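Consider the two complexes below, in which chain A is the common component and chain B and chain C are the respective partners.
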Partner chain A sequence: MNRTRLGGWGVLVLVWLGLVALFGMLADHFLSATTLTTVASRLPALSVVAAGMTLVIIGGGIDLSVGSVMALSGAVLGVAIVQWGWPLAAAIPVAILTGALAGLGTGLVTVGLGIPSFLVTLGSLEICRGLTYAVCDSRTLFIGAAIRPLAQPMPILGIPPTVPVALAVVVAAQAILSRTVFGRHLVAIGANEPAVRLAGIDTATPRVAVFALSGALAGLAAVFASARLGSADPNAGAGLELAAIAAVVIGGTSLSGGSGSVVGSLLGVLVIATLEAGLAQLGASEPLKRIVTGGAIIAAVAADALRRRWEGERG
Partner chain B sequence: MRHARLAGWILFSATILSLAVVPGQGGCSRATPPGTVANGKPDGKPRIALVMKSLANEFFATMADGAKAHHAGAGDRYELIANGMRNETDVSEQVTIIEQMVARGVAAIVIAPADSKAVVPALKRAAEAGVLVVNIDNRLDPEVLAETGLAAPFVGPDNREGARRAGEAVAKQLDSGAEVAIIEGIVTAFNGQQRALGLEDAATAAGLRIVARQSGQWEMEKANGIAAAMLSEHPALAAILCANDSMALGAAAAIEASGRRVLLAGFDNVPAVAPLLADGRLCATVDQHGDRLAVEGIEAALAILTGAAAPQDRTTAVDLVTGQP
Partner chain C sequence: MSGDSGSVALRAEGISKAWSTPVLDRVSLDLREGEVHVLMGSNGAGKSTLAAILGGLVPADAGRMTLGDLPYAPRSRAAAETAGVVMVLQEMNLFPGMSLAENLFLDRLPSRFGLVDRAALHRRAGVALERVGLGDLDPRIPLARLGVGHRQLVEIARALDRRCRVLILDEPTAALSARESDLLFDHVRRLVAEGVSVVYVTHRLDELPRIADRISVLRDGRFVAEHLGGAVPPEQLIEEMSGRSAPQGSAAASPPTGEVVLAVTGLERGARVRSVSLEIRSGEVVGLAGLVGAGRTELLRTIFGADPAVAGSVRVGDGRAGLSRSPRQAVAAGIGMLPEDRRHDGLLLGQPIRVNALLLPSQPPARRGWIDRAAEREAAEAIRTAMEVDCTSIEQPVGQLSGGNQQKVVLGRWLAAGCRVLLCDEPTRGVDAAAKGTIHRLLRAFVGRGGGVLLASGELAELRSLCDRVLVMAGGSIVAEFSRGWSDEEVTAAAFHQAGPTPARATSAVEAGGRP
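Moving on, here comes the complex of A and B:
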């Protein structure tokens, strides 16, 4: 791990601590175990989606379909449990598989036809949302007790079991990125795809695989989100792609591909979730929430850019 | 270079999207196409356009199903064109649909407006083209109606009264001075404002203290986060009053995660809340009979078209649905 990257993470941790201190002063009960549980329980879904998005962006692509894919996987999960009476253990793999297949389709079209992933995923965003409404007949499915235990805080720790699972996924994704051939090829493809191809390395397989992985992680996020809400909501995940991209960018990953880290994106998610919880706890109005969130995204990215420039000047 | 290409693609795709989203904007939407008669009676049957919001919203899906069932039972009386939108709050898309319906020569437009004000000018143009406008669900703004001179009878529920009754059902179980929170819908929507007022009426009447009030934008996920924050910030919170059931579902999950006993009210009586009503996690919701709403609007339009009734406002039924105590 190089110094620049650790420096970037350090800035984010400082930004996060600053937010915690600020909300702690402004709100009466922000520094409490309940708030910790609240913020922690909101992390899993966004952090696994952001992990997938990080890998896609590092590989030089983008995935705008994650929110719709999450909704589709959630609908399949809900229908499997509520209407088909499947046990949770059988429904979860099917939900993840649904996401993986959606991502695989996106990847095959993107790479096979040589169309920018921005456009293909813009299309699959619509297709998957349409499929979601078709699968659950546009109706919210209440799942209830079958899935809620996943999101109930565990004794002593006070956080739901989805949190350690999500953290494990983030660590695994970081390991894939920095310690596997697939990960290193992905970084190289994002930096300079033609050069990698001319070096005789197969670029098509990793480029397709990364979209399938992103889809599978959106499917996993659907399990987390459905557990937290106790329901499968056909309108879930609207705008999730923007939150994930924001987290990835705050986390220091370059939008033009070729560099970045999954751990950084997790810190980005932490900043966004804390901001959201803090503003809600202060009772901020909807316009104010949007303005502050937008400002915070720009501020976090600017802080990282300034740090880079400063480190560059120092040599 | 890379950025220039990306920007090019974004521009290109935005153009494609805007073309895809606005079909029939090809320049002739105002003209009457050949083959239709201006009074909307190509074969003697009045043609009625039902213009709703997003059919992805189950309330409007139910509304559309109700209208189609009614039409199937009374198919020889009128011709039905049911329209939904892609996006709940996309006013320009609804305006486009209104223009298309005028171009198709409908006799009446029965509309659930996406915005209480912004669609009025388009409806005024429709009325000037001889189309009867009947307003259902979300009431058009009276001031804008007066200013444009559009006459559009409103057929729909009293959202304020419905929400007040749901709030009252919760208030009955609380002592005076208890802390309550309100999660509102989209604050610019008339029905959202009315429901918030109704919940406020109930809380004030029972002497409850409203300690928090935020908009959940009608969304489950948003309401879940807001409810969790409210529970953290207000340790003595006794009840959360939500302006729709989707948000009540999100709040119910937050209450369950907190392990506290907090009363809950919703609005709409969607099928998904049945289990919550059955075990008392949801105290009360309101059924405004969405499946009947469009039908009542269509019946009103038919009665006015045939001269059987004068164009006047009509309040439809709202029923309180309470859970097990």
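Moving on, here comes the complex of A and C:
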């Protein structure tokens, strides 16, 4: 772990604490268990999707299809439980597998045909949304008690069990990124793919695998989202890709690939979720919330660019 | 054809230029009105740099220029064009997706009320195309529909439409067919008749009788000789371009004795690699000489599988003969490559030495996919020490290192990988003298341990000091082979073989300079 990375994380933690302190002063009941629950409920789905997105972006790609893949996995989950009567323990792996297969298809087309992933995932975004409507007949599937406990706050901790699972996923993804050969090669590919190919390294496998991983994590996010709502909504995840990309960018990952961290993206998710919760408590209108969130994204990217320029000038 | 009497259109005096090493050393040039003045020289002689200075692309470090009677010191290409000096670049500066007319007038589209005046645009484009003999083309078609030769003519038409007084052509026929070259020569002649002065950069001897009014020969950044008219004996020019360095080293070539580590048979790839066969034995450094565009880089890339071969086979040691379809297969077979452009093709500039030195399929050291960080640091430190990389630590980003130290990192990677054959493309370009010595020593040590090296270099001194044998490439083929004790003249003559006036004459040049 190098100093710059810890420094980057430190800045994000300070920004987040600053936001908590700000809203704590401005809103009477911000520092409360209710807020914690609100933020915690938003956290799991977005942070695992952002973890997958981080790896894809570090590898030099982008995955716009995560929202639709999440909806598709959710629909499969709902059908498995409601229509086929499967137990939750059997339905969850199927939902994750659905996401992984969707991601695998995206990865194979992207790498096999040499098309930018931006365009391929723009297509699979539509395809997966269409498949979702087909699977659940365009209706919300009510799952109910079978899945609710996953999203209920646990005694004493006050957070649902999905939160520690999501945190474990983030830690695992960070470990894969910084401690495995796959992660090393992924960073290298994002930094300079031709050089990696000329070093005799197989670049196709990691590039395909990272999309499958991103899909699988979108599938896991579908489980979290369905648990929170108690149902599978075919319109779920609309705009999720943009929220995930925003979190990744706020977390300090370079959109051009080759550098970044999953833990940074988690902090990015925390900043976004806290900002939204705080604004809601202040009674900010929906338009204002969106304007402030958008401004925060630009501010984060601008701060990062200025920092790099400054470091570049120092040599 | 003008003689010494013509007035001077563009005069350059005492021009010097250095990048990391001196490229031009007090070179002077008089370009007279209505003449074609050819700049000749082999690779690295400084002819393209001089042309670029005249055209305003790069500033000179010292010296002064006058255009007509006025001082001339263009700060940019646009400034040079305004003054009437237009340069046509080797790499063409055109947009394939746009129409011919748009390409011709992109920076000064005729407009009415803020909209492009298409009628005027196409009328003017027609006139401009007519001037280069492309009057039968519709200016509305996209440039992408034209071949490379015609595109070059479009670029020239673009230059001519600027009422230029001086036209600079940098190896314009490199991409042209014989017929297109003829067409180009006709146009250049017509322009000269109209009073335009032309600076013509080339290394092709066969073009001289047809185009040159005056020839200036450069060698190693210095002015060597000037000839009036194009009828200069090729032997004399070759001698002037290569210099008269006496053969060095031991005349008796040690016969290669080791077993064959790399055997290439009948390798084919388009026009740049034509049925190339060669063998490299254990313990040998084999040099690849040739002019720019002779196909050296393409040959190395094709052997390595970075560009797919059309036919032929490559065998490493006792391995299976076949074609590498990817660098991955080549590396698995025991081949490594130092690419020509190490910053783009060899390194991850933002990543530390530790990552770059271990950028290989079998690295970094790992157990079940998890990196063994202690072993990784150890391996990287070992490479750093063995390669004498000058750095603060193995965590320093390679982008902060000097060119020589960057190259040592790439070299160290392949040596640590245990490959048997190293393909080196200009391994010491942009590298300081000390690092260059280290790299040469490390390569010799590598072959001393039983490896083989195939090394392309445009620098004859490097080939001389490092290589046991030198293969000369021209036009995609290997045209000559020399053992130790060769002279610059022999190798240069062989390199010009295909570019020379006739094969018979080039051969005689080899014989004339062919002292053992």
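By definition in this document, the second predicted complex is superposed on the first by the 303 of 315 C-alpha atoms of A that agree within 3 Å, B and C clash if a C-alpha of one lies under 4 Å from a C-alpha of the other, contacts with A are read in each partner's own complex, and residues count from 1 in each chain.
Quick note on the criterion: a contact is a pair of C-beta atoms (placed from the backbone, for glycine too) under 8 Å apart; a residue touches a chain by one contact, two chains touch by 3 or more.
As the structure is a prediction and not an experimental result, all values here were calculated from the model.
Chemist: Mind checking the superposed model to see whether chain B and chain C fit together on chain A or clash?
Modeler: Aligned through their shared chain, the two binders fit side by side on chain A.
Chemist: Scan A:205 for contacts with chain B and chain C and give back first, second, both or neither.
Modeler: A:205: touches no partner chain.
Chemist: Report for A:41: first if it touches chain B alone, second if chain C alone, otherwise both or neither.
Modeler: In the superposition, A:41 contacts chain B only.
Chemist: Given the touch rule stated above, what does A:258 touch, chain B (first), chain C (second), both, or neither?
Modeler: Only chain C; A:258 stays clear of chain B.
Chemist: For A:187, is the partner it touches chain B (first), chain C (second), both, or none of the two (neither)?
Modeler: After superposition on chain A, A:187 lies in contact with chain C alone.
Chemist: Considering only the touch criterion stated at the top, classify A:195 as touching first (chain B), second (chain C), both, or neither.
Modeler: A:195 sits against chain C, while chain B stays out of touch.
Chemist: Looking at A:83 after the superposition, I want to know if it touches chain B, chain C, both of them or none. Which is it: first, second, both, neither?
Modeler: neither
Chemist: Who touches more of chain A, chain B or chain C?
Modeler: B
Chemist: Which value in Å is the smallest Cα separation between chain B and chain C when the structures are fitted on chain A?
Modeler: Minimum over all C-alpha pairs of chain B and chain C: 12 Å.
Chemist: Would you tell me the residues on chain A in contact with chain B in one complex that are also in contact with chain C in the other?
Modeler: Comparing the two interfaces on chain A, one with chain B and one with chain C, no residues are shared.
Chemist: Report the residues of chain C in contact with chain A in the complex, numbered from low to high.
Modeler: 304, 306, 326-328, 330-332, 337, 339, 344-351, 355, 359-361, 364, 366, 369-371, 373, 395, 400, 413
Chemist: Which of the residues in chain B end up touching chain A in this complex?
Modeler: Counting only chain B, the residues touching chain A are 2-3, 6, 9-10, 13, 17, 55-58, 61, 187, 212-215, 217, 219-221, 224-226, 228-235, 246, 249-250, 252-254, 256-259, 270-276.
Chemist: Of all residues in chain A, which touch chain C in the complex?
Modeler: The contact residues of chain A facing chain C are 2, 179-182, 184, 187-188, 191-192, 194-202, 258-259, 315.
Chemist: Would you mind writing out the residues of chain A in touch with chain B in their complex?
Modeler: Touch list, chain A to chain B: 27-30, 32, 34-35, 37-38, 41-42, 116, 118-119, 122, 129, 133, 137-142, 144, 148, 151-153, 160, 225, 228-231, 233-236, 238, 256, 276-277, 280-281, 283-286.
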